[in-house]
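Look for chain A in each of the two complexes below; its partner is chain B in the first and chain C in the second.
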Partner chain A sequence: MLVDAFFELLNLWVLVAALAGIASGIIIGAIPGLGPTMAIALLIPVTFSMEPIPAIILLLGVYQGAIFGGSISAVLLNVPGTPSSAATAIDGFAMARRGEGGRALRIALYASVAGNIFSCLVLMALAQPLARFALDFGPAEMAMLMLFALLVIVLFGGGSKLDALLMVLVGACAGIVGLDPISGTPRFTFGSFAFDNGFQLIPVLIGLFAMSEVLLQAFDRADEVSDAEMPPLKRSVVSLVELWRMRVTLLLSSVIGTFVGILPGIGSTVPAFMSYNLARARSSEAGQFGQGAPEGVAAPEAANNAVTGGALVPTLALGIPGDAVTAVILGAFMLHGLAPGPFLFRDHGLEVYAIFEALLLSSIPTVILGLLFFRVAIHVTRVQPRHLLPAITILAIFGAFSVNNSLFDVWVMLGAGVLGFLFRSSGFPLPPLLIGLILGAPFEQSLRQALLTSGGGFDIFVGSPITIGLVALIAVSLALSLVLGLRKART
Partner chain B sequence: MKFTRRLSLALLGGMSLVPSATLAQQDYPDRAITLVVPYGAGGTTDISARQIASMAEELLGQPIVVENQPGASGTNAMRAVAGADPDGYTLIATTSSPSFVTPALRDVGYDTLEDLVPILNYSGPYHGVVVQVDSPYESLDALIAGGKSDGVTYGTAGAMGGAHLAFAAVATQTGARLQHVPFDGAAKATAAVLGGHVDAALVPAYRDLVRDGQLRLLGVLDGSNDPDFPDVPTLKEAGLSAEFPSIVGIMAPAGTDPVIIQKLEATFTEVASSDEFKSFMTDLSQPVRIMPGAELAKTIEENLVAYREIAKDLGN
Partner chain C sequence: MSAKSSGGGVSRPGFRTLTASLLLAAALWALQALDSQIQVFSFGESGPDARSFPRGVLWLLVAVVALRLVLSLRREDAALRAGPLLRVLAVVAVCILALWSMPTVGFLAGAAGAGVIVSLVLGERKPLMLGLPLLVSAVVAYGGQHGLNIPLP
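This part shows the complex of A and B:
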């Protein structure tokens, strides 16, 4: 089977499709606001006339490329191209400021490829059993898992726990605006139809990270402006030994990314931050994190790329997509006669395995294209901020508008920009706010769904082995954080 | 010199004023038409609308640009199109939810029947009542009986959607305790019933999971049987007076010239009845269900009334 599938790939069009998909994915991912969802949706009609295998490879190449591409602008400009690369910006941009932008990008690239390969192998070997396992995660399990994720973000993010908690709450409060997920009625919309949809993630992200960066640099220009202080570009070679030293971080991050990817509705941003915090907590040089630690770049990149393979597990094995991107990919599979669901592997095993093998092999063109792309992109760090900022502003407005073709989103973006500027200049961390916004609404929904199914009884949150395990994890991390805090206070 | 220029301008102006109405009809379309889709790019509504648009533009001789305006369950886009110029150059490909479900619940800023003209219906996925295959409920009657004795939970794609309201009506009629659990999209409701977290789910796209023996289909919410499962009853056939007819159709702003509406109806009907479109929709697991504009308007009107009643019972 695997060999037959490989022969399907010996076709010039497959190579062309993979290259075109990955290259356009990287570029789209690097531009804030343009995510893989829209890119894939708009490319689907282009693939109508193509054979199924190259068509799907093209679209999945865009998916993988875009998740990685987001890290390029995150590292070089401190402007994450996609939400999932916000974690990469923390240490990636710090490295770029030291003139190590090239090295940070290479680490991001290799970590991305590692995450991809890991999750793809999992997808090939275990798609069906894992899809069944994902079904065991009902509302109660999801609520406990999200609570655990929020705790990890607050307790192990470094910096003040109170600050992080406050920011999570600000994000969660922003997530309340819109239609109530259970009763379906508008709340906190001030009677305005525009608010019915709530604050969308992408405009808020662009505002918080891109627009606030513009405002920060515009108002606080002391150390940025003169040519003399531009750091010279340093050598950017990453040795194999260096990657080998990160093996545990890469593996753990890939596992987190794949696992969270399999579960519906969490996406790739949360596992990126969880992996970052875990790497920081495990590191002997935790103080380096935030100041440009290579592992701080590798951990989130491995995790957010590993999500791609994980997210395809329930999409392909059950026909149940977990998020917007996989829903679009599901449509593409259907249009090419490969209807995802229980019959996909039985009826179209050859095509599916050929696609999986192509996903594995696409690591090679990803590395080549990535390295080529860096040679050009790295020079962005030598452009003076005052020349760059207008371009970022235009992209931010354009990106916010393009999500829903709505001017309201542009105002949300600008508002989030001012808020982000105020928070950053007064020293509050933004990532917990982002996580609060992403997880707040689904956490509320899962909690209330669980209580609806249990008839209001809280015993449902310790009613299955999975929830008991998660509650235990929550207790352990609370205890751990308390012990660490006490030990720190004593020394 | 001056006089003649003024005269010719006046003449030109007069000429262009008088017959413009008839000219607009004859020349229509003389520029690109915008077809708004109230959901994000890549969903089934979007994909099928793009296909019907690309096939219709060959007959109309002008491009049809598909524009996605997602948000607020489609009501944002409906409101925008309802307020657009009724010149035939702005159309919307829309579904049940923003046509007669949400407008029955609250003010959405438009009245589907007064502010829009239905052109035709071309699809509409069947929503089924599904349970896990080892569930004790073998039929709709058994499910309702279970609801009366122990209470039953059911998941849907979202709060106050058509499926939820239809089952809320069933609960009122039968007195069964049917507890609704809204999910964020039909896919997650399907996952929840597969995992046994809810007793039943009211979702589309169940075919392969039923055929594979993972789910059991007890009934369909539509007014007619699902051709893939002709023996499975509709709610009405099972003796329950509720239904959720699923529509996917094209509408224009009210006040659009009837001649233009007729031309569009003829063109889109021709395209939607073609074999090419049917096989495309089969690949997408979506039915082709053609209904003329007048009939679609009637369906919407009937359901607006029915859903307003249900909403009143729910206390909205």
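This part shows the complex of A and C:
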């Protein structure tokens, strides 16, 4: 399978897609405010006429590139291009102020690649066995698994649990619109056929992440981006010996990023800070952290890139997205006929392994393009929002229309944009909404199928070793959240 | 963008209160309209029907939003400032106008018009730079129709 998958990659379009994806990801990620989620959502329409393998490789290249790109503005401007780069900015900007910005960016790039390679290997090792295991799942098992995933997002996603629960419920409510999954009767369609298929994921994503950003910038009208405070970038090198000294930090950070990334809804910011704190605690020069310690750059970068592979494990094997970015990638897989879930590996194993191998091999162009592009990306960080956001508005309209060649989807995108603006201005988190929207309908379907099978009896949810295990996991998660909450309240 | 609560009193309503109130109103309306919006044809099977899950989720949403509203009363809330809100409304209005007119005037004119107005709302005043949305629209329209075979309006 691995050899056959490799031969699928020997195609000029695959190489072009990988290079284009990584290069555009680095540039887009470097622009503060434009994260990988928005970039991928806006680029999905570009992949419509492509074959599934190059299409997904292009989008995953954008993901990889954007996470490294986020560190460019974090290091040079102290403005994280992505939230997960905030930890990188602490020591990266301190290094840049003493003229070591180039060195900090090189460390960030090599650490990113190390994290990516590690998480890809874990993805290749875990995703198929997990999917094979999930083939034994019936409706009751799937319902309990999705309940567990939703609970983890609410309990451990960071921020207010009440707000996360509220957003999950809003997402689940949005998922109700359309035809009932069991009886096929219309629900909240207002007699319109356009609503029968419910809200399409891609227009909603574009609205929530791209259009809402335009509205937020219109509200705040961000200050002019100035290059006055950018420290000079001197020529620098990072030796292999220096990287070897960081090997334990890189490994531990990659492990944290990968395995925290597997948990749904947590994203890459939490593991980046966890790794930073661990590296500081382990270091014999802890006092240097915050003053420009190279390991303070390497640890969060390895962790936030390792999240890429980790978050793809539940996304591809179970159809449960790990964070907002993988929710968008899940949408892209579905659009290209590769429905994530237990059957993905059985029905499209060749394509999936080709994508995994491409993700692993793309570390090579990431290093080359990263070294070539970070000087170019410095100029991109100076692009004014008023030049960029009109283009995003146009791309958002085009992207939403092109999903079904329908203006109805553009109206949905605009509505999602207004809602996204209100939610973001109110401090409500968007990832739980997205995951509630994606999991709401299948959760209801599994729940009702299970109850129909059992004649309405709830004992089916503790009727097999798998469901009992999942119920135990739910109980443990609730208890752990309670203990952590009490400990936090005491301190 | 924030307004601090004063002393031990109730904080000034802001974005959070507005959003939560809108959500509460929408959820209560949906509950009220549930029976008319979801037809149920019973074939004698036991277990939940097409209304059960929406009803449960909506009641839970009402409870959570109400709790959020109560807890928000004494919490700092992002202020609703008239000037910036007008800019947001202008962007939304121009997008609505562009979408409404798109079947008649076409994608290129509609999207370019929206782009130019967004540019102006965001503070762009240089005539040359106002041409940028026109260029982007032209490239997207040409690329979409000829490169991706998308039948744009």
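In the analysis below, the second predicted complex is superposed on the first by the 266 of 491 C-alpha atoms of A that agree within 3 Å, B and C clash if a C-alpha of one lies under 4 Å from a C-alpha of the other, contacts with A are read in each partner's own complex, and residues count from 1 in each chain.
We adopt the following convention: a contact is a pair of C-beta atoms (placed from the backbone, for glycine too) under 8 Å apart; a residue touches a chain by one contact, two chains touch by 3 or more.
Keep in mind that what you see is a predicted model, and the values were worked out from it rather than measured.
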| item | value |
| --- | --- |
| A:395 touches, of chain B and chain C: first, second, both or neither? | second |
| First (chain B), second (chain C), both or neither touched by A:452 | both |
| Which superposed partner A:162 touches (first chain B, second chain C, both, neither) | second |
| Partner chain in contact with A:46 - chain B first, chain C second, else both or neither | second |
| Partner chain(s) touched by A:386 [first = chain B, second = chain C, both, neither] | second |
| Which of chain B and chain C A:290 touches, first, second, both or neither | neither |
| First, second, both or neither for A:183, with chain B first and chain C second | both |
| Partner chain(s) touched by A:196 [first = chain B, second = chain C, both, neither] | first |
| Touched partner set for A:321, first chain B, second chain C, both or neither | first |
| Touching both chain C and chain B, counted on chain A across the two superposed complexes | 45, 180, 182-183, 185-186, 405, 452, 455 |
| Of chain B, residues touching chain A in the complex | 40-44, 46-47, 50, 54, 67-73, 75-76, 79, 105-106, 108-109, 151, 153, 158-161, 164, 179-185, 187-188, 190-192, 194-198, 205, 208-209, 211-212, 214, 280, 283-285, 316 |
| Residue ranges of chain A in contact with chain C within the complex | 45-46, 48-49, 162-163, 165-166, 169-170, 172-173, 176, 180, 182-183, 185-190, 211, 214-215, 217-221, 385-387, 389-391, 393-395, 397-398, 401-402, 405, 407, 410-411, 414, 418, 421-423, 425-428, 440, 444, 447-448, 451-452, 454-456 |
| Complex interface listing, chain C residues touching chain A | 1, 15-16, 18-20, 22-23, 27, 30, 33, 37-41, 45-50, 52-54, 57-58, 60-61, 64-65, 67-68, 71, 78, 84-85, 87-88, 90-92, 95-96, 98-99, 102-103, 107, 110-112, 114-116, 118-119, 121-124, 129, 132-133, 136-137, 140, 144, 147-153 |
| Residues of chain A defined as touching chain B within the complex | 37-38, 40-42, 44-45, 134-140, 179-186, 193-194, 196-197, 264-265, 314, 318-322, 324, 327-328, 331-332, 334-337, 339, 341-343, 404-406, 442, 445, 449, 452-453, 455 |
